[in-house]
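Labels A, B, C and D are assigned to the chains in the order they are written; within every chain, residues are numbered from 1.
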Amino acid sequence: MYHHAGFFCRTIMHCEVTQMKLTNEILSEILDEVRPLLGQGQVADYIPALAQVQADKLGIAVLTNEGELFQAGDAEDGFSIQSISKVLNLTLSMGIYTPDEIWSRVRKEPSGQAFNSMIQLEVEHGIPRNPFINAGAIVVADMLQTRLSAPRQRLLEFVWALSGDTHIVYDKVVARSEMKHSDRNAAIAYLMRSFGNFENHVLPVLENYFHGCALKMSCVQLAKTFSYLANQGVSVLNHKSVITAVQAKQMNALLATCGLYDEAGEFAYRVGMPGKSGVGGGIVAIVPGEMTIAVWSPELNSSGNSLAGSKALELLSGRIGRSIF
Amino acid sequence: MYHHAGFFCRTIMHCEVTQMKLTNEILSEILDEVRPLLGQGQVADYIPALAQVQADKLGIAVLTNEGELFQAGDAEDGFSIQSISKVLNLTLSMGIYTPDEIWSRVRKEPSGQAFNSMIQLEVEHGIPRNPFINAGAIVVADMLQTRLSAPRQRLLEFVWALSGDTHIVYDKVVARSEMKHSDRNAAIAYLMRSFGNFENHVLPVLENYFHGCALKMSCVQLAKTFSYLANQGVSVLNHKSVITAVQAKQMNALLATCGLYDEAGEFAYRVGMPGKSGVGGGIVAIVPGEMTIAVWSPELNSSGNSLAGSKALELLSGRIGRSIF
Amino acid sequence: MYHHAGFFCRTIMHCEVTQMKLTNEILSEILDEVRPLLGQGQVADYIPALAQVQADKLGIAVLTNEGELFQAGDAEDGFSIQSISKVLNLTLSMGIYTPDEIWSRVRKEPSGQAFNSMIQLEVEHGIPRNPFINAGAIVVADMLQTRLSAPRQRLLEFVWALSGDTHIVYDKVVARSEMKHSDRNAAIAYLMRSFGNFENHVLPVLENYFHGCALKMSCVQLAKTFSYLANQGVSVLNHKSVITAVQAKQMNALLATCGLYDEAGEFAYRVGMPGKSGVGGGIVAIVPGEMTIAVWSPELNSSGNSLAGSKALELLSGRIGRSIF
Amino acid sequence: MYHHAGFFCRTIMHCEVTQMKLTNEILSEILDEVRPLLGQGQVADYIPALAQVQADKLGIAVLTNEGELFQAGDAEDGFSIQSISKVLNLTLSMGIYTPDEIWSRVRKEPSGQAFNSMIQLEVEHGIPRNPFINAGAIVVADMLQTRLSAPRQRLLEFVWALSGDTHIVYDKVVARSEMKHSDRNAAIAYLMRSFGNFENHVLPVLENYFHGCALKMSCVQLAKTFSYLANQGVSVLNHKSVITAVQAKQMNALLATCGLYDEAGEFAYRVGMPGKSGVGGGIVAIVPGEMTIAVWSPELNSSGNSLAGSKALELLSGRIGRSIF
């Protein structure tokens, strides 16, 4: 019996003490508890299309590795996934590039800076700190551009396959609005190009990058899509291998240290799960070996992460006694 | 039976597939595998006393939460624990300050900078990024100075109790050598004082801080001392509660995002354990719920972390299939 | 008689003690004295077209406000004036914009940074430090683009008029080479656009900017062209007013504090004249009220200023006892 | 006769056109013109002793190289000269150190930063940008400490000799208040020490440095004291040589590029004279070869320079047609 083996199986004892079976009711209670936070954050307004979202939306969905789906609130409403798409692009790149190819062009360290700062990028000679800040994600988009014939279509098909839902589309209004306000990202791309860390024309790469950001998905779709990260690289939905178990572990490590902008430490401290947020108000969080969580509330805190969303994850982590620490 | 509940108990299935029982032999094999790295790093030389260490030392010790001790190599040789002492000081402060008192004076975010950079400290108005960079550790030392009558003696007794070994001492030569080369840390302290984030006279606080760094401990002693972090706050050795289970979880979160200087991301990616390194070449790593690991090899990589030590942890993580991700 | 009034007319006494009449021989002697420096600097190589220049070229020309021309060495050879063109563009902008319009978009302070750093630009929200670093010059080019129908042609005609020489042309090879290596300048322009400090399409503005840099002129032509700065805004050549006397004074003040990249202080200390350098190895220097000097030697020092050229100016300043201090 | 030689003697023609004989009335008119600015700036309040000054004080004094003294307003009231003392210390150091000794420890470039920033100091390895920012002035104070047996007394005697007034004293209340708020300057000193650019104990050097800042002098005393800078190194008062003519010229160059904190460019543009300001509201300005000006008004602009004082200098420069450009 493995749970006699001593140091390996902490979960047994653990379970008996603090864990609670997940239900839709628990999720509803958590949403009720965080609802008073609505009105205390700020909807992202750097592009007009995002600013028009209904600010008091709130939803959550959990997919266990066994395939059970739990949800509450506006869990089936689509929203702009924004930076969460950076994980999808990195996952795609892992399939067509070697680790050395990837990690020579982008590093794996937290930035300690605002998500779109150019200062560090200049000091560190055009090599972005990690693939989840804009600069890093744009490098990954450049890599996809180089090796995929139709990266935008490929990303969409990838999401369709992972979510099992071919109704997911790019929100063209958002994509166009992003492109109209893309000067800073263009500056980032040109700066990397000046250091030799950018291969293609800037504008088409940005177009593709912004389309990823403009994917419109619901919490339920996101939980399904990212289930491979909780399940050793294998999609819980279709049981297909997306990346290797080792790659899934590595991706979770990256998410844990770099996934929440300049708030990764605080999120680890309070929630204790690898995760990725977007300025659309979505957060995806992973309990490796167990479940994938997606939460959504459009109002952001000062670090650009969903205010009510991160609180909901903190409560969920405490309620079901699950974190990686 | 909770381990039937599905998504909660990942460890069961997990165990059946990838885990291997730990033995002294496994540890010896790992040390043999990393030994070729000796000679490829740099012993810390910023103070003469550290530069004199024997560069080819190599040791590892593991204490499971069940109290089994495994070890290999120079696991009983004492060395300068240096920054590992920052965890001890923070643990002490958690007992005498509220979270709000602590986290208003030091943050919880990775710095994205060299461990002793003053730039960020100035830009962020004297509030250090986290308690494991020098500035943050000096703030914690300042807090201890304010509320403890004899902080240096208190720290020593704390280590004696945790390790069960009253032979542990401060290496006076190292402490004095640190103090002679303390200008940059004095600059850091004075800068924080200019922002109102420092309460005591600078030199006595630095004296105490450096004494912590000058603690001479072995891998075995370290594994015992830090076992409370793997065991929900309770010392595996004497079964006394050091901090609460929640605090232990939080400390592990801090270690995972900030414990390895500017290499936390890389360490998470390769090793996948919360950990804390010191420029003496020691690293302590935690598998929450399972075991505490201490490794030592004096030669450092360019980020100031033990070169062979971090490789040994990477191999161990792979061999026994344990990480937090 | 005002020159008896005491404090006004320092020059009288001054003249009797230290000054020496300028001659072609003095200029030749100075060139001989600096010639040993040839071989100790570095020809600019960031674009291939510049790297091909003959490294041991050396020339100087002086035009007095009375219209006397002195020259020595390769004073009639054309070379790429590069950043010296920034003064021409700023002069043009002074004719079509009010001071408030100009100085709200670019400041007047030394940067304390490398000429093409983006860090300061981000920290200071897209407002460049001064019109002689790249960012500032690109803003000025953007302003010209907005209000001139054919800025490139206008600049050329302006230079023809000032130099009295319609053979001056843009070196198309250099301009094309600059454009091929324009990524960093594009990054700068897009960053300013992201802060709302850029009005036109980036590429056409850069094209015009680079054409200015690619003007091919000789020392003699430069001394004639910039004579208005020494002569209260009036061209010594054609006696036409280019800018007002106050504007000329202001331009000299800008040149004295910001004209020599990150070496303005050293240049003031050694030479004591307002001046502007270019990475083609040219430097124009002004003795207000007296003369305009142009010197050329392609090898640069570590700050990007002509090594032999700035030494020649230092010697000239000492020999004829003229500086602004 | 050299003043016939053409390009040397710009002053002749110049005089006939724009200059006006200086009188006390002109100075009074200028003060009346700037008086409306009183109330629009901020008295320095970083130390309590400075904050207590009467905010609406306004005075000006001019000493010509012929020894004529003009003055208006509160020109004989003593005030804290603060950073103006940096020029005195540098002058003293020029007498006991070679240029190489001085300029290897401090540079001559504008900082492009706030006067007490540590960022640049860290990036540039403990070598301050120039002797007029705090870091540079503290290095100079360290040099004086090394070679003078009683630097504080020496400075006082130096000022007595230059001003011809032995009633000038250190304001002990200000000096003590500075010392109480010296943390940031201590941080700067320790940081330089960590880079090997500081030789003595920090606190005694700071004590001396702050005493210089705490010199209490009037505009009249300042104009007399600094007359050597306008007069080729020779005191107008006692006709003794303080520094060489070349050194005076170099000092003026340093003042022109670095003397007004992060506003040297603006000051050159508007006033066109080498100058040095202090947060006590004083500014000393030099017209080389002609006169020394001191102005005082305690309220500062956002760059830390006297608001009404710098405006008065701008008006004076325009009225008498004198600037270096």
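A few notes on this one:
As a convention for this text, contacts are C-beta pairs under 8 Å (C-beta built on N, C-alpha and C of every residue); 3 or more make two chains touch, one makes a residue touch a chain.
Values in this document were obtained by computation on a predicted structure and should not be read as measured data.
Using the average of C-alpha coordinates as each chain's centre, D ends up farthest from subunit A.
Each chain gets a centre from the mean of its Cα atoms; for subunit A and subunit C, those two points are 51 Å apart.
In this assembly, the C-alpha centroid of subunit A lies 30 Å from the C-alpha centroid of subunit B.
One simple way to say how far apart two chains are is to compare their mean CA positions; for subunit A and subunit D this gives 56 Å. Listed for subunit A are no residues, as none touches two or more other chains. Interfaces, counted as pairs of touching chains, are A-B, A-C, B-D, C-D. Per the touch definition, subunit A reaches subunit C in the complex via residues 117-119, 122-123, 183-184, 186-191, 193-194, 198.
Put simply, subunit B touches subunit A in their complex at residues 2-3, 5-12, 14-16, 19, 21-22, 64-66, 68, 107-113, 120, 129-130, 248-250, 252-254, 256-258, 262-266, 268-269, 272, 274, 287-291, 320, 322-325.
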